[in-house]
Amino acid sequence: MQDQNPDLFNLAMSEKARPLMDAVQAHIDQNVVPISDEFNALDAEKEDRWTWHPRQLELLDGAKAKAKESGLWNFFLPDSEFGEGLSNLDYAYIAAELGKYPLASETLNCSAPDTGNMEVLERVGTAAQQEKWLKPLLNGEIRSAYAMTEPGLPSSDAKNISTSAVLENGEWVINGEKFYISGAGDPRCKIMIVMVKTSPDAAPHKQQSQILVPKDTPGVEILEGMEVFGEDHAPRGHMHIKFNNVRVPEENILLGEGRGFEISQLRLGPGRIHHCMRSIGKAEKALELMVRRGATRDAFGKPLIKLGGNLEKVSRARIEINAMRLAVLQAAKAMDVLGNKEARVYISAVKAMVPEKVCQIIDDAIQIHGATGVSQWTPLASLYADIRHLRFADGPDEVHHMVVGRAEVQGYDLW
Amino acid sequence: MQDQNPDLFNLAMSEKARPLMDAVQAHIDQNVVPISDEFNALDAEKEDRWTWHPRQLELLDGAKAKAKESGLWNFFLPDSEFGEGLSNLDYAYIAAELGKYPLASETLNCSAPDTGNMEVLERVGTAAQQEKWLKPLLNGEIRSAYAMTEPGLPSSDAKNISTSAVLENGEWVINGEKFYISGAGDPRCKIMIVMVKTSPDAAPHKQQSQILVPKDTPGVEILEGMEVFGEDHAPRGHMHIKFNNVRVPEENILLGEGRGFEISQLRLGPGRIHHCMRSIGKAEKALELMVRRGATRDAFGKPLIKLGGNLEKVSRARIEINAMRLAVLQAAKAMDVLGNKEARVYISAVKAMVPEKVCQIIDDAIQIHGATGVSQWTPLASLYADIRHLRFADGPDEVHHMVVGRAEVQGYDLW
Amino acid sequence: MQDQNPDLFNLAMSEKARPLMDAVQAHIDQNVVPISDEFNALDAEKEDRWTWHPRQLELLDGAKAKAKESGLWNFFLPDSEFGEGLSNLDYAYIAAELGKYPLASETLNCSAPDTGNMEVLERVGTAAQQEKWLKPLLNGEIRSAYAMTEPGLPSSDAKNISTSAVLENGEWVINGEKFYISGAGDPRCKIMIVMVKTSPDAAPHKQQSQILVPKDTPGVEILEGMEVFGEDHAPRGHMHIKFNNVRVPEENILLGEGRGFEISQLRLGPGRIHHCMRSIGKAEKALELMVRRGATRDAFGKPLIKLGGNLEKVSRARIEINAMRLAVLQAAKAMDVLGNKEARVYISAVKAMVPEKVCQIIDDAIQIHGATGVSQWTPLASLYADIRHLRFADGPDEVHHMVVGRAEVQGYDLW
Amino acid sequence: MQDQNPDLFNLAMSEKARPLMDAVQAHIDQNVVPISDEFNALDAEKEDRWTWHPRQLELLDGAKAKAKESGLWNFFLPDSEFGEGLSNLDYAYIAAELGKYPLASETLNCSAPDTGNMEVLERVGTAAQQEKWLKPLLNGEIRSAYAMTEPGLPSSDAKNISTSAVLENGEWVINGEKFYISGAGDPRCKIMIVMVKTSPDAAPHKQQSQILVPKDTPGVEILEGMEVFGEDHAPRGHMHIKFNNVRVPEENILLGEGRGFEISQLRLGPGRIHHCMRSIGKAEKALELMVRRGATRDAFGKPLIKLGGNLEKVSRARIEINAMRLAVLQAAKAMDVLGNKEARVYISAVKAMVPEKVCQIIDDAIQIHGATGVSQWTPLASLYADIRHLRFADGPDEVHHMVVGRAEVQGYDLW
């Protein structure tokens, strides 16, 4: 991260991407914002929390159709025959905007974890795997999940994964438990990529594989929805799933036995950048709410924002948001310029930096709202829970700090 | 707070209170811990979230009966004919213990806001008011609420309360809205003390009164349960209530017109101390979970607690908890020695200090748990939400810091 | 600061400036590093602390001559006939490098406060003023000072300046006190620009003027050298100066009566950017020392850097340094793209952000060194003192936060 | 530190000590404050910075004589035939007061490191050692030093001490280097206790011994005064000393070979408590200056203290000071009740807590003073340097956090 390569400092959106950015903003204004209130209100009308209300799907599908018409579809895929060929840098700008509107990403077929799953399938899937799963995903017909985290395991040490897959008669037989499998509760979710241990005797980084498991395979047992600060995000959910002798064909493996970590590297870089940029969009939202509330409520005869240290909190939020944005853009640019592998330290740096700081900004916004700030009347509590969760999803802060710290020390060649 | 009075430094529990403390701990072990799992599991069995399951009430009433038998009942009332005559200091010790067990306070008839309401009724209620409301409260037959916060108002400036009460034909006619009225959802809640504006033309601190309003009075409309980080704590709830021409007899006023603030002073001191001590109990709980998790989960071949800065986080939590405990004990002692009014600055100091620091400790405990830390599998997310809420309940941190800061400056007599 | 102008995101050094950057680095390696130890050791040989040792000047002049030969001279002046015409962005890159070597700036005739003074003289000086003072400054023959801060005045509120200048018989008669006048102790310092109040009855921002005062004018009384954490930086010093009926010709005024603030705006923008970039260079230096010490000292059988939270501290330092660098580059770019006035908020943002964070990084580096970290054996204590001083020089952090906070609120047009 | 022993919560000064406290305050007012300005001004008059001005010693000796007359002498020694028999708790109260006045401790013969050295000699010295060194120390006729820290060694790991002592012909022959030997520059310093390695083959904690070395022994070479943020505190100094074949009689060893660590335990407990309480006195001083400055300087038409977050900073300082005071008093009480060994965790807790927080308070006080805050016009920079140094003296914060963290984990018996 001491690279002085001037290319790493040109963080402007490309000429080519600017009209796309404008189109995305127009799409949000015309197709996302107008449906959001109705969509959210329908949650209360559903009989079963773990389904969608038919009208919700109608609204969503309508917005998706409009996005597809306008060519705003699948542009998350960098340099691909399927997508727009956006660079990571250009996509990062768009992700920040999407982060402000909970429904926006899905209307553009750009929501996690589908984006990562599609990227993986596009890069390493066989023709048959692509035909069967990538195609409907790219069309927005089905959704998917990525099953990595296990309840018995610190999220900091992925090498210890204990869910096993054993090859028997041309089938992988999978046993184990995964939890916090986001999106797996969605009735439209049809396929999961599952990280398993296939080769317990290989070198530590070669023991894992990734296998495609259709959600309706016998033995896939959804135990419960995990909560994040009391919220289970039904019907998408963060599911706790048990794999009881789940059998899938041998050819469902991705890339090959023992290559699970290799695939992770592929997906994690862009995913983390997207998360970080969406988080920055959420921080912008929180700052906006903090300013609006503070400027329009009075106490002791003055707008709240002018009392005590409140205006300094606004300043600190703005300063940190702008610095974080530049840092994430630089990490995206590093992926474009240096490749995902070399950009690894930049990515860990922003993954360790952004969610922690954004939590603080949202927390400050909550405090200026008083009790309203933790209520259902503002999105702040929900934003907080999302971002707080990010501080261990895809590796906890501590592990990313280790990556950055070690790279720094190695830069001096002292040992 | 620069008082060198040696009495303020003797923070030991009195000889007299020690057997009581032991009895409370025995009660928790024998009567509270054994029922807690069943009690909590019954939440999922209820048809209506806003009721209690009959078996839940049976469990609770059983524990209450046992506490009453052992004489562990109403001891929150300092120097009273009704209670044990515990000093604030002695009660503070017990409150910390109660804070670790969500059901404990209620089994001893010592839960907020009943404690504050009973204290107010005991100090300023008329004989008739005491007969009608204090008696069943002291017996644990009914529960109560305290309606102060309003949705349109910064919680920092209580003088602006807008709910009005006008005297018409021997009745107070009340109009306005209150929210975050904790406990008002409980079917057993029968009576509310409502802060209203009765005298808009009086001096700013003389405009408010407190009036007893039975929950079933016509015109009392419960609009919804307010959430705290997505959790509504049904059936107790934090209710949003509209008062539509609610009429109660003139004699339902407490102490007299324009004396609402005076009553607040009475209730807020002990209430804040209790909150702070219970918070310290919760911090102890979080620290225990942090240590247990950290010591029993491995990553990279070591217990988590030995990795990176984790052990330092444990140390910092212990150091802060011990210092906070001493500070809260001193504030309780200041109430005993100096009286509630003179102790005001000590109380604000701990109210500004404790919830903020406890949030940090719980947050550190969450981080070491990974996703489990925000899930329903540990109490941490719920503890966090409770304590985070405390940072504006009973006055936001900022207002308490103003009280302490101003007192400090006035100590120098510079202006 | 929510400007999405893509030009503000291209932060790469220009093609044109890259060879200059290389030349500066070569100059540092060849001409600055080799003389530094001897230069510093000579401090102990001087009879009078408030003079230079003749050999010190010889070393310095030698390095200056070499820089001039290589054309590395006065390039701080943006878009000027005198300088290299570097943009603020390009200069910012160079300033970070200069910040690592205490002697480097001066060898290139690029040290504060001369840079600001030369820039002011170049922009607003009359031909006569330029001939008399700008020319020898550009040649590196003399040095200068800027007398702004007053002992009786909070540094946060420049409008209250009390040093007066009254016009009498074609002369300004100046009375008052200034302190922390950096560089005024240097025997080579010949001229000061002094901020005075000339028009006490004008509008608050039109009362001040700036006047050229030769240091040897009768009545200029140097009272003492002010210290920064016990260090007086003799012979340059931070002087406390009394003006006793100091008389200078009427034409010594810059730009005109009542235009003092206008001139400040001109100088402060670039000056603050330079300070911030040099601070980042100093943070890089501190981080390097932190890593070297941590990696080469053992305790409890391991390198210090691997103990407890030390590696995370390294990571946090690297992350913050990289984000700060991008933020300062963007502020410099904002000056290039939007002009100094419009860039004002960007400049305040980095002035409020950088010194505070760099203090923390240096402090962490100190801690890992133990007592050596505050000793004369490392530059850390001295770096800390310099940067700590910056937190009020050119406006305290708090004032810059107000600028940023207010601009943010105004962006919403709520009042 | 989860001990609920009620004795640990009675932190009031004893009846017996109160008149002593009053007498100390009277002594400070009458004998210390009146001489301080003259004493300090004489620093500038000395020809050799490493001597005292005769008038300085005259002033000091005068105040010492008055203290001795009033019986305020040597009361630091707990439970001793020589001292007042003050408990650690009682002494802690007095130490806080002494911390506010740089000269106060010495006038009472209670300054570090003499206090620790006298305590060690009193507890473990032979009759001959006591006659020769303890007696003149108790009389205030000579001063002493404690030589522990070595330049090549992280201060966190005392076991690695490399200065060697080898027994040859009835003499210890000492070789090695020590630095930051506080007080060793004082011409009145006659004796040093030197920590050496005598038994390199013993168990790690049995290799060290402590030996009495008169400062004028041949081979004791004082290399230079070490600085703390640019200040060398001449003539007391923090000396860098080389031991070149220094020979002292075999009987100069304290307690016996290999018992160096045992003696350290003895001295470090009380010393750390005294440091912490004096630090709290210094924090009180800084807070007082912060309030006085803030209340009497205006900016933007208001006292500084009322601007932005300043009043909250005052509140936070007061809150932390009061909590720290209680924590240190409890640690002192733990020494009285549990003994130094059992109190070890309490002592580490306050040593890790206090200097860090006090640094922050002084830093806030500096910020409100602007440049004056780091100048020679206030004691703040010097207070900051002292307390910052404490964060590694007697073990760095990190080591004390390890002690507390480990004790906490062991409390659960999980391993």
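Letters A, B, C and D mark the chains as written, and numbering starts fresh at 1 in each.
Going forward, a contact is a pair of C-beta atoms (placed from the backbone, for glycine too) under 8 Å apart; a residue touches a chain by one contact, two chains touch by 3 or more.
The structure presented is a predicted model; accordingly, all values stated were derived computationally and were not measured.
Between subunit B and subunit D, the least number of touching-chain steps is 1. When every chain is reduced to the mean of its CA atoms, the largest separation from subunit A belongs to D. Here the CA centre of subunit A is 53 Å from the CA centre of subunit D.
For the pair subunit C and subunit D, the distance between mean C-alpha positions equals 38 Å. Here the CA centre of subunit A is 43 Å from the CA centre of subunit C. Multi-chain contact residues, meaning those touching two or more other chains, occur in subunit D at positions 308-309, 311-312, 398, 401-402. The touching residues of subunit A, when paired with subunit D in their complex, are 308-309, 311-312. Those residues of subunit B that touch subunit D in the shared complex are 1, 6-7, 9-13, 18, 287-288, 291-292, 294-296, 303, 305, 311-316, 318-319, 322-324, 326-327, 329-330, 349, 352-353, 398, 400-406, 408-409, 411-412, 414-415. By the touch criterion given at the top, residues 149, 151, 154-157, 160, 179-180, 226-231, 297-300, 304, 307-310, 366-367, 370-376, 381-382, 384-385, 388-389, 391-393, 396-398, 401-402 of subunit D touch subunit C in their complex.
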